[in-house]
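What follows is a pair of complexes built around subunit A, which joins subunit B in one and subunit C in the other.
== the complex of A and B ==
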């Protein structure tokens, strides 16, 4: 069995599972945020009206809560949703609630790794499609809707069809001007937005061993854009060090067997990769960044679980140091812990000297919610993960998805720019 | 189930267009319905009638996991979406929450069914009758567990 099959077998109490088997698995961790949390509470209300008594969750220690989509409160309804969440965690005794304005908080997927909320070998589900991100920690991580998360909160388990696994073997390191974002955009361009539908995308090879955990998280994050159920990387020394730095050393790693089966193996040569951009209106609509150098931009957005981790901000700072931006640019670190490190290491000064506005962690304009949404006909280059019509604002705005290096270089020139071409 | 067709001849109809992001903060099902399909078809809520079916291409419901998407369609009156394929989270949200039926059809049926056609869908025989064109198509049968959850009326009513 491969790593995903072994995790699902263990979690369903079976010695063997195969792709296509339907299993009820015991869940180790579950997450809701300020959109899915109130959604789950609406499901609870519906169930109560049918006579169900809901006064406790299966295990409050395994539940954690983030406030990310509409914080700082965008309006009265979103303010009320945060109050609903606060009452929910209080009523059900859920201690791990990362609150806006009270120390560490941020985008749920970023907290999942920054705070080591999920450990290798675990089954983790969240009320958000980018829950796949956390698979880079060697866990099975998949997004679910409100009804399914409500079911998990009450029963501690949920059904999954064991997925087929597509293995992406990356040979050798990526060049300095290329980031994990370029690689995953390249892959999505190759296989399409349903190229991994219902499947797991596993990443391995020397290119992955050489890659930081944060970069791996960018890969697994965007497996969602290929339709995947989950993305995963097997645990290694780099992951152990990453978790140890967060005070976690005890967990039960799972590794694939030597005869593990994969539905298909794709190979990419790291050294051949180059900066890639996804044009409107789909992450699969990819092009080489250099071929888009005539595209004029109105705005650069550096944020989200995909593109505002510490490493992403460091890449942006490398470009912006000593330069100024030519278009409106905002940077929203994905969690307070990252914001603080950016401050402590002087990145914020570089950003502000460049003329950029730095804002608080939030999903913000990535999902068109607030904090910098796009006007009609505005064209934005963004380190986020989706560029569907209206995703970041007006249905006639346009978003180009790019790496933090490309987004920063483009902010400096006002046109889509390969970082190698920056003077 | 009998109803008329609202056809979108396109693939990858994502949940951002089915129910745009700014409305994610809303959890009133009837209010969500007034914004259904707003990112793709501003006239949808004027046009949709109780019992209608949506017909679309492959990967329907891709993108965000928002359960708001099947909820908005369901509370607009949509009983089933007939598509070449579905994105996984939309599919399970539709079934587990008992909002609507995600029915997989083949290329032949997809091409043949026109906007406003009157259909009769029978999931016990896996047959779709096109009453306007006087034709019968086969739908892809539901996998065993999915069929049982649908029969039970959603995941919470299903006893494993």
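== the complex of A and C ==
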């Protein structure tokens, strides 16, 4: 069995599972945020009306809550939703609630790794499609709808059909001007936005062993954009060090067997990769960044669970150091812990010297909700994960998805720019 | 949920690929916490311009008023996992969505809310897009009747059962979870 099959077998108490089997798995962790939380509570309400008594969740220790989409409160309704979440965690005794304005908080997927909320070998579900991100920690991580999350909260279990696995073997290290974002955009461009529908995308090979955990998280994060059920990377020394730095050393790793089966194996030569950009209006609509050098931009956005981890901010700082931006540019670290590290290591000074606005962690503009949305016909280059029509604001605005290096270089020139071409 | 009945209706052709859940229900309506009444926001940015219905959008075509079937292209429901998308389709009146492929979370969400998503081949979808007559959806027999020609479709037995019997998925799984895996296994196609 491969790692995904072994995790699902273990979680369902079976010795063997195969793709296509339906398994009831015990869930280790479940997450809700300020969009799915109120949605889940609406489902609870519906069940209560039918006479079901809901006065506890299955295990408050395994539930955690993030405030990310509409904080800082975008308007009265979103403020009210945060109150709802607070009442919910109080009522059900849920202690891990990362509250805006009270120390560590941030985008849920970023907290999942920054706070080591999920451990290798675990089954993790969340009420958000990019829950896949956390699979880079060697866990099975998948997004669910509100009704399913409500079910898990009550029951601690969920049924899955064991997915087929597509294995992406990356040979050799990526060049310095190329980031994991370029690689995953390249892959999505190749297989399409439903190329991995209901499948797991597993990443391995020397290119992955060479890659930091944060880079791997960028890959798994965007498996959602290929329609994948989950994304995963097998645990290794780098992951153990990453978790140890967060005070976690005890967990039960799962590794694929030597004769693990994959539906298909794709191979990529890391050294041959180059900066890639996804044009509007789909992540699969990819082009080589250099071929888009005539595209003029209105804004650069560096944020989100995809592109505002510490490493992403470091890449941006490398470009912005001693330069100034030519277009409106925003940098929103994905969690307060990252914000602090950016401050402590001098990155914020570089950003502010370059003329950039630095803002608080939020999903805000990535999903076009608030905090800097786009006007009609505006064109943005963004380190985020989606560029569907209207994703970041007006339905006739446009978003180009790029790596932090490309986004920063483009912020400096005002046009889409390969970092190698920056003078 | 109400048991899923045979449905005969004209089908609304939404000729777009990769329709994501933000097109189905734009983000500004996600903050609303009630579970009902989302139909008015369905395809909001395509359907309305400054609050007025856009004549060029198919849902505003009187020919498709009261349609219960939505025809869509590849990868329908991709993007955000928001269940509001399904709530809006249901509230608007769509009970069946037919496409060549659906995004996974959206597909799952449909069954939790009594909507039947049907996956068909390119060729079948083309046929459905080109017919002017009503389509009959018979879940019991897993068939679509189009211009007097039946077309069979596949659905997992467990999902078919919950729709046909109108079982609430949560209630159902709480009661029968051990049996579902066995049921599913014995009905594998």
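Everything below uses one rule, namely that the second predicted complex is superposed on the first by the 423 of 423 C-alpha atoms of A that agree within 3 Å, B and C clash if a C-alpha of one lies under 4 Å from a C-alpha of the other, contacts with A are read in each partner's own complex, and residues count from 1 in each chain.
Here, a contact is a pair of C-beta atoms (placed from the backbone, for glycine too) under 8 Å apart; a residue touches a chain by one contact, two chains touch by 3 or more.
Predicted model, so just to flag it, every value in this text is computed and none were measured.
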Overlay on subunit A: subunit C relative to subunit B, clash or fit: clash
Which of subunit B and subunit C A:22 touches, first, second, both or neither: both
Contacts of A:368 with subunit B and subunit C, given as first, second, both or neither: both
First (subunit B), second (subunit C), both or neither touched by A:390: both
Touched partner set for A:147, first subunit B, second subunit C, both or neither: both
First, second, both or neither for A:260, with subunit B first and subunit C second: neither
Subunit A positions touched by subunit B in one structure and by subunit C in the second: 22, 24, 35-36, 38-39, 41-43, 47, 52, 69-70, 74-75, 77-78, 81, 127-129, 143-148, 150-151, 159, 193-194, 197-198, 227, 229, 282, 367-369, 386, 388-391, 395
Residues of subunit A defined as touching subunit B within the complex: 22, 24, 34-36, 38-39, 41-43, 47, 52, 69-70, 74-75, 77-78, 81, 127-129, 131, 143-148, 150-151, 159, 161, 193-194, 197-198, 227, 229, 282, 367-369, 386, 388-391, 395
Interface residues, subunit C side, partner subunit A - complex: 18, 20, 22-23, 26-28, 30-35, 45-46, 74-75, 78-84, 86, 101, 103-106, 108-109, 112-113, 158, 168-171, 173-174, 177-178, 180-181, 184-185, 188
Residues on subunit A engaged by subunit C in the complex (per definition of touch): 20-24, 35-36, 38-39, 41-43, 45-47, 50, 52, 69-70, 74-75, 77-78, 80-81, 84, 127-129, 143-148, 150-151, 154-155, 157, 159, 193-194, 197-198, 227, 229, 282, 367-369, 386, 388-391, 395
Touching residues on subunit B, where the partner in the complex is subunit A: 12, 14, 16-17, 20-22, 24-27, 29, 39-40, 58-59, 62-68, 70, 85, 87-89, 92-93, 96-97, 143-145, 154-156, 160
